[in-house]
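Got some structures for you, see below.
Both complexes below contain chain A, partnered by chain B and then by chain C.
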Partner chain A sequence: MEVGVLKRADGSSYVEWGNNKVFASVYGPKEVIPRFLARNDKAILRCKYNMTPFSVEDRKRPGPDRRSIEIGKVTSGALEPAILVEDYPNSMIEIAIEIMQADAGTRCAGITAATLALVDAGIPMRDLVAACAAGKSNDEIVLDLCKEEDNSGQADVPIAIMPRSDDVTLLQMDGILTEDEVEEALKLAMSGCKKIYEMQKKALKVKYGG
Partner chain B sequence: MECVVNERELVTPGTLVATGKWNLSGGVVREGDEVFSTVLGLFYHEDERKTVRVVPLEGKYVPKAGDSVIGKIVKVLPGKWLVDINSAYIASLEPRNAIHDRIEDLSRVYDVGDLIFAKVDYVNEIYDATLFTKASPYGKLRGGSIFELRPTRVPRLIGKKGSMIYMIKQTTRTKILVGQNGLVWVKGRKEMEDIVEKAIDIINREAHTSGLTDRIKEFLETEREEISKS
Partner chain C sequence: MESIANIKRQYIVDLAAEGKRADGRNFDQYRDIKIIPNYLMKAEGSAYVEIGDTKVIVGVKYDVGTPFPDIPNQGVMTTSAEFAPMASPDFEAGPPGEDAIELARVVDRGIRESNAIDTDKLCIIPGEKVMIVFVDIQILDQDGNLIDACGIAAITALLTAKMRVYDEEGNPTEEFVPLPVNKTPVPCTMAKIGKSILLDPQMDEEMVLDSRITVTTDEGGNVVAMQKGMAGSFKLEEIMEAVAISKREGQKNREKIQKAISESE
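What follows is the complex of A and B.
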């Protein structure tokens, strides 16, 4: 994890997570365009998630699709509870997540990177947001699936939490799990998030030689 | 009532910094009996006034009444100018705060693209700032160069009671105006302007370290000697 990698953005970060390679950049708070989206009691969050054509095995058709719009939406939902949006009324914070290389779990890597970029931009936050996935592969609950495990696996549960209070800001599930298995997967993913949290804190301090 | 982290320690958002009934003064948030940091910055506390704060290392400029800023005219409307002050919000300048007599065509005073040095006169609850340029040293900036640094570094560039900026002005013989919004206007000989730019770069990078003034002084003197040699 690295912070402040892009010079033009207000805040930026780069995360390498196994074979996932993700850039995140933050612009703002700035003037709201288009104007009618502005809220006079808080800042609005606009999240863009994009996969590069060369990020996956078969070339991905460039441009937004159903999946990237969905991930952009859940990412802004996962980050908004942590940001003190009331501090910047009538403004907007733009987050762009760029997946350079994908190997399953890119939304978690994206949220983790976006959090670092937000802190780098100096946007006040209640807590960092750490994300991690758990899943079921070969009838076993495992942490952070890779591409092969994900494609042939039975389930995938990405979550994002604010580790200080253990508040869950993102919870999705793809596949079929029993009630007990969900509990186990959540517990596993939570412990993964805590590890990610420690790495985030370290990456932020490294920029200032801490 | 005690502090959990040391004075001047680097903290990340969400770090528990203190417990008990402190007065909060920026960069922190209270939850129940505990005080948490909200930004990446350095922790400070004052026992006398019972305040804790975290001074941010990053962040955009938020307009505050009384600040001096450097802005760029982005639009001339029939009754006012709109000014980009390098912040999340566009500021406005009204003719009564800028000129003495009535003028029909405002673009004759300040046109789009002009740089102005202005005082923030008034800021309302949603950060709409009104500027003021009627008195010296405020007004249009002619010539010179504009350099940028992070708004959170501006206090370091100015130094205690202006010591740093005074030293830079003296050694390079330039005119310098510093805006609280992170824009710096420098006018002098071309070589000297370049030196000031490099000095600002150093401050931008190393603002959180101590002994900065001495290092800048050393840097300025070696650079000046090189110029006088060539």
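What follows is the complex of A and C.
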């Protein structure tokens, strides 16, 4: 993980997570365009998740698809609770996540990177947001599925938390799990998030000392 | 964008803190649910569903197409949602927005991940011709909790859908069989307002909610899909509470679906 990798962006970061390679940038708080989206009680978050055409095995058609739009939406939902949006009414914070290379778990890598970029941009926050997935593969609950495990896996549960309060800000799940397995997967994923959290803090200290 | 008066917002938040809801329901209680299977004639499967004043229609149509290269002997299902301008002052004509895409994908995920449709049986000629099942969601009246209304309507439409039989050369015959659907995944959506978890949020509740969670379960009591929506956050215990509520109330809705289907036949 590296913080402040782009010159023009207000905040930026680069995360390598296994074979995932992800850049994130933050611009703002700035003027809201289009104007009618502005909220007089808080800043709005606009989050774009994008996969480059060369990030996957078969070339991906450029531009947003339904998956990217959904991930952008849940990502902004995952980050907003951590940001003091109420301090910046009538403004917006733009977050861009670009996946250069994808190998399962890109939304978690993206959220982790976007958090670092938000800090780098000097946006006031309650806590960092750390993301990690747990899943079920070969009848076992495991942490952070890789591509082969994801394709053949029985379930995938990506989450994001604010580690100081253990608040879950992203939660998705697909596959088939029993109630007990859901709990086990959530606990395992939370422990994974805590490890990511330590790495985030370390990366921030490299740039900002302390 | 549709807004809510601060005084009304405060009223709903205060009520929730007291353990009450504006329409007098319990926290884990659905509004009245009405399900009409086979609502339309031209669609191969269809359903009309009301949850309170929320009204949606789902139609199932087919096409014959080529399979995905990595699954040459399986049919394909795709789900899309149309937020018609008539359903809410917030809906505009045009390509689906973020909310419509999320809705369709959450409904889709529940059906797909539970393996409700036996996609092997939708294969006509491996690697060449398969059935593509289109699940199209049309919103008529948005009064909150579209996900559950659409999820119930989608699976009801699929359960009642007929499928044309193709011969070995891939030519259509005049014979029809039921679409091979062997599970009934049902989504349950809850809103978090303050510290309370409210099942089946109505429109006003949706506008003040801090966060939203959808848990889809199958008849085996397994969780097949989850999605946290909007901003806000959940504690681990709250997620597990939502899973328990979804298992219990989802089963009731599943029985309503089965009852509606058996009564319509």
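Throughout what follows, the second predicted complex is superposed on the first by the 208 of 210 C-alpha atoms of A that agree within 3 Å, B and C clash if a C-alpha of one lies under 4 Å from a C-alpha of the other, contacts with A are read in each partner's own complex, and residues count from 1 in each chain.
By our rule, a contact is a pair of C-beta atoms (placed from the backbone, for glycine too) under 8 Å apart; a residue touches a chain by one contact, two chains touch by 3 or more.
Values in this document were obtained by computation on a predicted structure and should not be read as measured data.
**Q** Give one of first, second, both or neither to describe whether A:Lys30 is in contact with chain B, with chain C, with both, or with none.
**A** first
**Q** Kindly classify A:Asn40 by the partners it touches after superposition: chain B alone (first), chain C alone (second), both, or neither?
**A** It touches chain B, and chain C stays clear.
**Q** Once chain A of both complexes is superposed, is A:Met162 in touch with chain B (first), chain C (second), both, or neither?
**A** After superposition on chain A, A:Met162 lies in contact with both partners, chain B and chain C.
**Q** Name the contact category of A:Thr52: first (chain B only), second (chain C only), both, or neither.
**A** Neither partner.
**Q** Name the contact category of A:Tyr88: first (chain B only), second (chain C only), both, or neither.
**A** first
**Q** Looking at the overlay, what does A:Gln101 touch: chain B (first), chain C (second), both, or neither?
**A** neither
**Q** Across the two complexes, find the residues of chain A that touch chain B and also touch chain C.
**A** Chain A residues touching both partners: 162.
**Q** So in the complex, the part of chain B that touches chain A is made up of which residues?
**A** Of all residues in chain B, those touching chain A are 10, 12-14, 16, 27, 29, 36, 38-40, 56-60, 88-90, 125-127, 152, 208-209.
**Q** Quick check on the complex: what are the chain C residues that touch chain A?
**A** 1, 98, 101-102, 104-105, 109, 112-115, 211, 213, 218, 221-236, 239-240, 243-244, 247
**Q** Under the touch definition given earlier, write down the residues of chain A that touch chain C in their complex.
**A** 36, 66-67, 69-70, 72-74, 76-77, 80-81, 157, 162, 166-179, 182-183, 186-187, 190
**Q** Across the complex, what residues on chain A touch chain B?
**A** Going by the criterion above, the answer is residues 10-11, 28-31, 40, 84, 88-91, 119-128, 162-164, 200-201, 204-205, 208-210.
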